[in-house]
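Everything on this sheet refers to the single structure shown next.
A, B and C are the chain letters, set down in written order, and residue numbers restart from 1 in every chain.
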Amino acid sequence: MSNIPKSTKMGKYVVIEEGVRIGENVVIGHNTVILTGTKIGNNVEIGSNCVLGIQPSSHKKMRKINQNYNQLVIENNTRIGNMVSIYLGTLISENVFIGDHASIRENVLVEEGTVIGRAAIVELNSKIGKYCTIQTLVYVTGDTVIEDNVFIGPCVSMSNDKYMGAKEYNLIGPHIKKCSKIGNNATLLPGIRIGKDAVIGAGTVVTKDVCENETVVGIYGKPIKKG
Amino acid sequence: MSNIPKSTKMGKYVVIEEGVRIGENVVIGHNTVILTGTKIGNNVEIGSNCVLGIQPSSHKKMRKINQNYNQLVIENNTRIGNMVSIYLGTLISENVFIGDHASIRENVLVEEGTVIGRAAIVELNSKIGKYCTIQTLVYVTGDTVIEDNVFIGPCVSMSNDKYMGAKEYNLIGPHIKKCSKIGNNATLLPGIRIGKDAVIGAGTVVTKDVCENETVVGIYGKPIKKG
Amino acid sequence: MSNIPKSTKMGKYVVIEEGVRIGENVVIGHNTVILTGTKIGNNVEIGSNCVLGIQPSSHKKMRKINQNYNQLVIENNTRIGNMVSIYLGTLISENVFIGDHASIRENVLVEEGTVIGRAAIVELNSKIGKYCTIQTLVYVTGDTVIEDNVFIGPCVSMSNDKYMGAKEYNLIGPHIKKCSKIGNNATLLPGIRIGKDAVIGAGTVVTKDVCENETVVGIYGKPIKKG
């Protein structure tokens, strides 16, 4: 049995597996499951019906994955909503906010002060910088880099596989630079680079790289302003 | 402990916090969590693994929210699926149907006879009229008004922040008038008004207001018919 | 009480209703709910907080549904993630992988070796062939046929109702033929047929049928190559 501090405010039917570490003044909602390898900082709040510390698993149709991750770290003052799933091998930094129904996979770094929206999904091997806003239902594909202070509007979709499973290929997600902003339901193709302070209009399909300060809109991401 | 009528059909490992009120002939699925302040009418059916009556919470990167809501009301004959989350400060009227994995935030009104689809998300301060169909995976942003008898196809995305977090700005969601229809995966920009009986084609990016009876399609919502 | 083999590795607070059948060497995560009529094969792994074997339910605004389904079958060696919901009347074949937060409705067939991504949704009366990859957040509408070896990228949206609820109409989902590939966030209109080995670019709105070997991109699915 894990060692649970007296300051923990624990819901009913919570499951805490062996080897979980819990800081001071942690709140854990009802029916939440915290699996082996999870380490929770001080003043963390976790909603009901979450599953934290999931062991990655694989399938022949999916790429080979590293199953040797053994720790999920959630740092101080972070807040996790209800029905959230987070994998082992991931670090959620301080003062992060993760919305209800969100899912974050293995080998992900979410830096301090960032918001991950409701039902947003972050795939494996991705890195999200400081003070970003990743809104509701955003899909962050695997192998994505999002720098600091980026804003990603609701329902933005990304991809990392140019050949859609047809060839051996190094998967490359988008690289989204500092302070850029992406409008809702935009589509980013694999490996797209979005420059610092760039703005992508809502519904844009981004088929090529976007320069620093550039604003693009429309089906091929036609530029309308250049910095 | 809340006062639970004998007519309640209660699953296993259900959590019902203090101060919950439950009507007659209510069904509550296994592992469902009903938090303080929730008031459930007669003949309501609730699936398994739901969390109802969530207290809003906030973060520096998010707008200030009202944390004084203290009641979630679910009226008679409404049906709530599995793994649904609903916040305090919200009223779900009679004969509403809420699909599995859906999430509805605080200060929302869903009027009678409306369907909220599977995994659809309704953000704060929104109002959805009577007899609407809000299909699967629709994203209803904050501050949205949807009038009666509206049809919103699957995966439609809305936004309410013109400056994407860059400026102080009064967030304005879309206003979607009576009997209009929006095709799947359409994108609505902030503050867009869609007229009565208008039709928006699937995949359309709606960048300006749409008139009564107008049908628009394509990337800028080009009109093809005017009433 | 159901007859649970000794080889079952069972989490805490699991609910298994009457009449559930469980094969050998099955793993069931914490807080998972398995409802009456579910039949689980050998070596199946199920995550935490799932709900399996859901009875379909309906609403006046929704089409009439068959409520006589009484069995959900999950065949050998299949793996089901966390917080997954699956309905009665459905068959999940051998060696299938179903991601976290996914939802699969009644009268669905998922054939062997297929991957259903995280938070993907498969509506009623759909058939998904062998060795398909249906990625994260894909929306498979009702009455869809997906043949073998199809690749569907993240956030692809489909629809089946040409009149958006306005007329009596036989709902027809897309028919997606063998080995075709659909890029992320593409939009498919009702009844669209996509030919064998066709490729649909990311973000494309597919408004008419696509021929065998054809590659289409852009707002109306303009062909750029014909086989």
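Following the convention adopted for this analysis, a contact is a pair of C-beta atoms (placed from the backbone, for glycine too) under 8 Å apart; a residue touches a chain by one contact, two chains touch by 3 or more.
Remember, it's a predicted structure, so these values are computed and weren't measured experimentally.
Undergrad: Same or different, please, for the subunit A to subunit C contact, judged on whether over half of the interface numbers appear on both copies.
TA: Under half of the interface numbering overlaps between copies: different.
Undergrad: Write the angle of the rotation needed to overlay subunit B on subunit C, where the fit uses Cα atoms and the result is rounded to the nearest 5°.
TA: 120
Undergrad: Distance-wise, how many Å sit between the C-alpha centres of subunit A and subunit C, to the nearest whole number?
TA: 24
Undergrad: For subunit C, write out the residues touching at least two other chains, lowest number first.
TA: 13, 31, 49, 83, 101, 119, 137, 155, 185, 219
Undergrad: Help me check something: in the complex, which residues belonging to subunit B touch subunit A?
TA: So the residues of subunit B touching subunit A come out as 13, 15, 31, 33, 49, 51, 54, 57, 59-62, 83, 85, 101, 103, 119, 121, 123, 137, 139, 141, 155, 157-159, 161, 164-166, 185, 187, 189, 205, 207, 219-220.
Undergrad: List the residues on subunit B that touch subunit C in their complex, please.
TA: 11-13, 29-31, 45, 47-49, 79, 81-83, 95, 97, 100-101, 113-115, 118-119, 131, 133, 136-137, 151, 153-155, 181-185, 199, 202-203, 218-219
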